[in-house]
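Heads up, the next two complexes both have chain A, just with different partners, chain B and then chain C.
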Partner chain A sequence: MATSQPILKADDLSMRYEDGVLALDHLNLDVRPGEVYCLLGANGAGKTTTINLFLNFIPPTTGTCFINGIDVTKDPLEAKKYVAFVSENVMLYGNFTARQNLDFFAKLGGKTALAKNDYYQVMRRVSLQEKAFDQRVKNFSKGMRQKLGISIAIIKDAPAILLDEPTSGLDPKAATEFLEIMAELKNEGKAILMSTHDIFRAKEIGDRVGIMKEGRLVMERTRQELQYEDLVKIYIDYMKSEPLAIS
Partner chain B sequence: MFRTIFNKELLDQILSPKFLIVSLLCLGLVPASLLLNYSNYQNVFHEYDASQKEAKNSTTVYREPSALSTFGIGLESVLPEKVTFSKYETDAKGIQAQTEVLSQINGKLDFVVIVSFLLGLLAVLYAGMMASGEKEAGTLKLMLANPTRRSTVIAAKFAGGFSVLMIPFAISVFVGTLLLLLEGFPLFEAGNLARILSLLALSVLYLSALFSLGLLISTWTHKTSLALLASFFVWIFLTFIIPKTSEPIAGLIRRVASEEVMKANRAQVRSQIEKEKGKALAPLMAKYLPNDGQGKWDWNAYTGARGPIAKEYEERLDQTLQKFDEDYERERSARRALSLNIARLSPASAYTQAALNFCHTGIADLENFSRSLQAHYIQLYQAVFKYSFQDTFSSDDGKNNRSMGGDSSPEGKIDYPKFRYAFPAYEDTLRATAPDVILLVLFNLIFFSAAYFSFTRYDVR
Partner chain C sequence: MFKTIVVREILEYLKSARFALGLIITVVLIAASTLINVEDYVLRHQDFLDAKKELQAESRRVNILRGPQVLSILVRGKDKDLGELVRVWVGDVPSELSGTMDVRKPKFPSLARLSAVDFAFLVRVVMSLMVIFLAYGAVAEEKAGGTLKLVLANALPRDKLLLGKLVSGLAVVLGALAVASLLAVIFLMLHPAVSLSGSDILRIAGMMAVSALYLSVFYALGLFVSVKVDRPAVALMVLLQAWVFLVVLYPNLSVTLAERLVPLPSEQTVAAEKAAVEDRFRKDIQEVNEKLGQATSTAEDRLRFNKVWSQNAEEIHKVDSEFSRLQTRQMKSAELISSLSPASLYDQVMNRLARTDIREYELFMEGAVRLWRSYVERLNLRYTDPDAYKKSQLPDFGYASDSTAQTIAAVWPQALVLFLFSLVFFTLAYTGFLKKDLR
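What follows is the complex of A and B.
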C-alpha cells in the first residue's frame, strides 16, 4: 500500500445537476501512487459523475478535485497533464489505424517525439495482435478497442489513470488481460481510480474498494479488510438498504 | 495542439466515404455543368452575332449574352434576347420578370446552383456531425481528457473539416476551368478572370458560413442522427423556404398592380387622351381629309395644320405615360427591393444574388439592362418616334371612326441610334454585391462565434 501524497483527491465534492438531481453528496476520497481504488455502485450512484468532475467535464457544485495537487477547476489544463482516461466505450477514430489513433492521442497528451516503434511497443504491451497495429479501428472488436484505449492511457505516461467501467462488455479473457495490465501499471506507481459494476474484479484488483449509493460514499474497505469480509454480501446489503436521507 | 487536431480532422475526413462521395459529385457535376453551359452560351452568342446585322436601321435591339453565364445562368434565360420598341409600347418579353426575379433564378444546373444547393447542403451536413459525431464515438471525451482547450478543438475542427470540403471543390473548379479553356472560353478577356476569382472567393465565403452553421447545430445536439436531421431542415428553411416566400411576403406588404392591370390602365389613359386629340383634330380632318367622297384630300396641309393642335395632346400623353411608367417602376422596384432584402436573411439568397452579379446574369445586370433600354428609347424617340403620329377620331355615337397615321420627319435618311449593351463595370458589380458580401461575412461571424461559445459549454459526457 502506498503511503505518499495522493495523486487524485476529491475534497467534499458535491454535484447537483440543473434538474435538481443530487448526483454527488460531499464525497471525499483519495488515491495514492501505486494504489487502485475501485468505486462500486448501481447505475446513477455517482461513479461516472466523480470521474467527470476529475476531468473537469462538469464543474462541481461544491468541493474540489485535485490531480497531483492541482485544483482541477482552477487550472484544468495543467491538471489534465497528470491524468489519463479510459472510458467505457472506446470507439476511437474508425477510419484511423490503431497506430494513427495512438499517435493522435499521444500528441494531445504532449508526447510529440515518439517513433513508430514506441507505439508498437505499447500495443504489444497490452497484447494487441501485431496484425492489428496498422489496421483500421472500425473493424476492431470491443476488446481490441479497449486494449487500444489502455495503450492511449499508457503512452501518456501520466501518474494517475481514471477508468470508467472499463471491463463492461468484455469477455472474461479480455477482462482478465485488462486487469493484468492494471496490476502492472499499479506496480509502476500509477494511481488508478476505476468505476465498475464488477464486484469480483474490484475485489481482485482494488487496494481499496468504495461503495457509492445515491451520490454518497457509503462504505470503504481496504484489500486487507476484504480478506475477512464478503464484498458481494456487503454490496448487496447496501443496495437493498433504505434510501438515504436527502442532505 | 491546433495543428495536431487540424491534421487529425483532415485525415479523418479524407479517409471517410463521404469525402469520396463529395469528390465524385463535385468532379462529375462542376466540369459537366461548365462545359454544357458554355456550349449553350456559344449557341446563343452565334444567334446574337447573326442578328446584329438585322439590327441596323430598325427599332429592334439585341442583347449580348454573357460568357460568364457559363458559371451562373441566373436571369440570362429570362432576360429578352431582343427588344422591339414602338412609340408607346415596348415588346420586351421577359422584362415582366423584373417584379418577381427570385423565382426566375436557380432554374437550371450551373456552378452557382451547384455551390448554393449541393455544396451548401454538404457543408451543413459535413459540419453537422463534427461535434455530435465525436461525442457519440466517445472521442470527444478522450480528446478533452487531455490538456486541450475547447477553443482550440473547435477552431481546428472548423479549419480541418472546411479544408477537406474545399479540396474536391478546388479540384473540380480547376478541372472545369481547364476544360473550358480548351473549349476556347475567353478567361483572360473582358475582366472575366477577376469576376471568376471573385465568384470563387464568394463561394468559399458562403460555404464557410454554412459550414459554421452546421458546426453550430452540431454543438446543440448530442446525436449524429438528430444533428443531420436538424441540419437538413435548417438547410431547407434557408435555401428554399426563405427565398421562395420572400416574394409573396413582399407582395403582401407592398401591393403592386400586376403587369396586365398596369397595361390596361395605361391603355385606358392613352385612349382617353387620343380621343381628346381626335376631337380637337376632327375639324381639320373634315377640312383637309374629307371622307364624304366629294372633297379632295390635302395631306400636306393636314400634317402642317395638325402640328400646333396635336402638340399639346401629344406632350400631355408623353408626360402622362412617362409618369405612369415611372410610378409603376418605382412601386415595382420598392417591392423587388423588399423581397430581395427578405430573401437576404438566407445565406443562399445573399450568395446567389452576389454570385449572379459577378456572372452578369443577376439583378444588377437586369437593372442595368433596363436602364440601357430606357436610354435607347429616349434616343429612338428623338430620332424616330417623335415624328410619327396616329390621329384617331371617334364620333360620340361611335358611328364615325377614323384613324390617320403618318410621319412628319424631315426629308432624308433616318439616323437610327445604335444600341450596344454594356455590361456593368467590375467596380459597379462590387458596389452592387457589397451588401451581400457583408451579409455573408456577418453570417460567418455570427454562426462561428455561436458555435464557438456553444462548444465551450458543450456537455461532452
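What follows is the complex of A and C.
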C-alpha cells in the first residue's frame, strides 16, 4: 500500500442539504498515490455526495476537501487540475465522435497539443473498438461510453481519479475490463476513489474499502484485513443494523 | 479554454437537427415572403404612378397621392392599411386619408394574401421561436445528460462556460439572421423595379441590428430558464409560455389597457360635435350655396362661398384634431405599456426605420393640411386679385420624412431597452449558474 502524502483527503466533512437532510456526517478519509479506495454503501449513504464535494459541485456545510493539498473550497480551479472524474453514466456529446469528445475534454483538462494518434492510442488502451473511434457517440453502448469516459480521465493524466459507480449497469465482461484499466492506473501511481455497490469488485480492486451508512463512514478495512474477513457479511450486517442516531 | 467551449457549442448547434430545420424554415419563408412582397410593392408602385398620371389629367381638381414605401417590402407596418388618396377641396381639411386607388390584380392572387408575412414578422415570430428551441437546452440538457458535471470537473470557471454558451449561441443565431437578411437584401437590390437610396441601405442596416438585439433577448431569456430549470422539457414549456405572453398576449393586453386608461370619445360624441359646428354654419352655408347657384352670382359671392366653407372646414378640423390628439395619446400609452414586451419594442423600431409607422402618416397629413391652406388662399386670390392669382401657382405637394439621423435619435431608447432586456436576462442566468447545484 502507498505510504506517501494523500492526494485526496476529506477532513471532518459534513454536508446538510437545504431540506435538512444530513447527507454526510463528519467524514474523514484519504487516498494516497497508487491506492484504490472503494466506498461501499446503499443509495443515499453519502458516496456521491462525497465525490460531489471533492469536485466542488456543492459546498460542504463543515469540513474541508483537499486535492493534492489544495483546499477545494478555497481554490477549486487549481484543485481540479489534479483530478479526473468518471460518472456512473458517462453521457458525452452524442453528435460528436469519440475522438472529438476526447479532444474536447483533453483541451478542458489542459492538454492542448495532442495529435490524432494520441487519442487513438488512449482509446486502444481502454479496448474501444477501432471502428468506433470516429463514430458519433450517440449510438454507443453504455460499456463503450464508460470506456470513453475512462479515456477522458486517462488523457487528463491527473494524479487523482474520482469514479462514481462506474461499473453499474455494465455487463460482467465490460466491468472486468474496466477494473483491469483501474488496476493499470493504480500501478501508474494514481490515487483512485471509487464509489460502488459492487462488493465483490470492491474487494478485488480496493486497497481499502469503506462502508458508508447514513452519511457516516462506519467501517474501513485494508486489503490485508479483508483477506481474513468476509466483506459481504460485514456489509450486510452494517446494512441490517439499527439506524444511526442523527447528530 | 474559452475558445474550446465556443467552438464546441457552435459545432453542437450546427450539427443539431433543430438548428438545420429552423434555418431552412427561416430561409425559405424569408425568401418567399420577400419575393411576394417585392411583387406586391412593384404593383402598388405602378398603381401609384398610373393613378398620378390620371389625376394630373383632371386639371380642375387637386389631389394628393401617397405612394408605397420601398422598405414596406421588409416591414409592412401600416403602409398598406392607410388610404392612398386625398381629394382636396375647400370644404374639407384633410384629416384622414380617404378612398383608395383602383386595385390592380396581383399576378399571384393567392400568394398576395401572404404579404402580411414580412421580414419583420418572420424575425419577430419564427426566428424568436427558433432561438427558444436552440437555447432551452443550453444548460438544462447538459445537466440532465450529465455532461455538465463532466465539463465542470475540470479547471473551468462556471462564468467562462456560461459566457461561452452565450457567445456561441448568439453567433449561431446572428449567423442565421445574417443569412436570412442577406437573402432578403439581395432580392431587393437585384430587382430592377426596386430602387434603394443610401438612406434606405442605412435603415436596412439598422433593422438588422435591431433584429439582432431582439433575438439576443430571447437567447438570454432561454439561457436564464435553462439555468434555472433542470429538466429540458420543462424549460421548453416555460419558455414557450413566456414567448406566447411576450409576443402574443402582452402586446394586445397593452392596447386594451391603454384603451381603458386613455378613453376616446365615442363616434357619436365626435359626430355630435361636428354636427354642432355644422349647425353654426348651416345658415351661412345655405345662403352661399343658394347665391352661387344663381346666374347673377358675383366674385364676391364666390369669395364668401369659399370663406364660409373653409371656416366650417377649419372648425370641423379642430374637432378631428382633438380626436387625433387623444388617439395619439392613447397610442403612445399603449406603446409605453407594451414596452415590457420585446416584440412590441421591436415592432415600434422596425416600423419607424421602414417609414411604415404612424409618424410617416402624420407627416404626410401635415403636408396635406398645408397644401389645403395654400389651395384655399390661392382660391380666394382668384376673386380678390385675379392677376396675382394667374401669376401664382399652387405649390407642389410635399412633406419631409424624418432623416435617418432623426429616426435613429427617435428609436435608440427602444433599442437600448432591448439591450437592457438581454443584459438583465443574462445577468440572472449568470448569477443563477454560479450558484447552481450540480448534484
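By our rule, the second predicted complex is superposed on the first by the 247 of 247 C-alpha atoms of A that agree within 3 Å, B and C clash if a C-alpha of one lies under 4 Å from a C-alpha of the other, contacts with A are read in each partner's own complex, and residues count from 1 in each chain.
Everything below uses one rule, namely that a residue touches a chain if its C-beta (ideal position, glycine included) is under 8 Å from a C-beta of that chain, and two chains touch if they have at least 3 such contacts.
Fair warning: this is a prediction, and the values are worked out from it, not measured in the lab.
Colleague: Specify the outcome, clash or fit, for chain B and chain C once both structures are aligned onto chain A.
Modeller: The answer is clash.
Colleague: Please indicate which partner A:84 is in contact with in the superposed arrangement: first for chain B, second for chain C, both, or neither.
Modeller: Once the two structures are laid over each other on A, A:84 reaches both partners.
Colleague: On the A-aligned overlay, A:200 touches which partner chain: chain B = first, chain C = second, or both, or neither?
Modeller: neither
Colleague: Under the contact definition given at the top, report the residues of chain A touching chain B in one complex and chain C in the other.
Modeller: Dual-contact residues (chain A): 48, 52, 55, 57-58, 77-78, 80-81, 83-85, 87, 89-93, 95-96, 104-105, 107-110, 149, 152, 156, 162.
Colleague: Where on chain A does chain B make contact in their complex?
Modeller: Chain A reaches chain B through residues 48, 52, 55, 57-58, 76-78, 80-81, 83-85, 87-96, 100, 104-105, 107-110, 149, 152, 156, 162.
Colleague: Within their complex, state which residues of chain B touch chain A.
Modeller: Touching chain A from chain B are residues 1, 4-5, 8, 11-12, 15-16, 136-139, 141-149, 459-461.
Colleague: In their complex, what parts of chain A are in touch with chain C?
Modeller: Residue positions touching the partner: 48-49, 52, 55, 57-58, 77-78, 80-81, 83-85, 87, 89-93, 95-96, 104-105, 107-110, 149, 152, 156, 162.
Colleague: Considering only the defined contacts, which chain C positions touch chain A in the complex?
Modeller: My answer: residues 1, 4, 8, 11-12, 15-16, 145-147, 149-157, 437-439.
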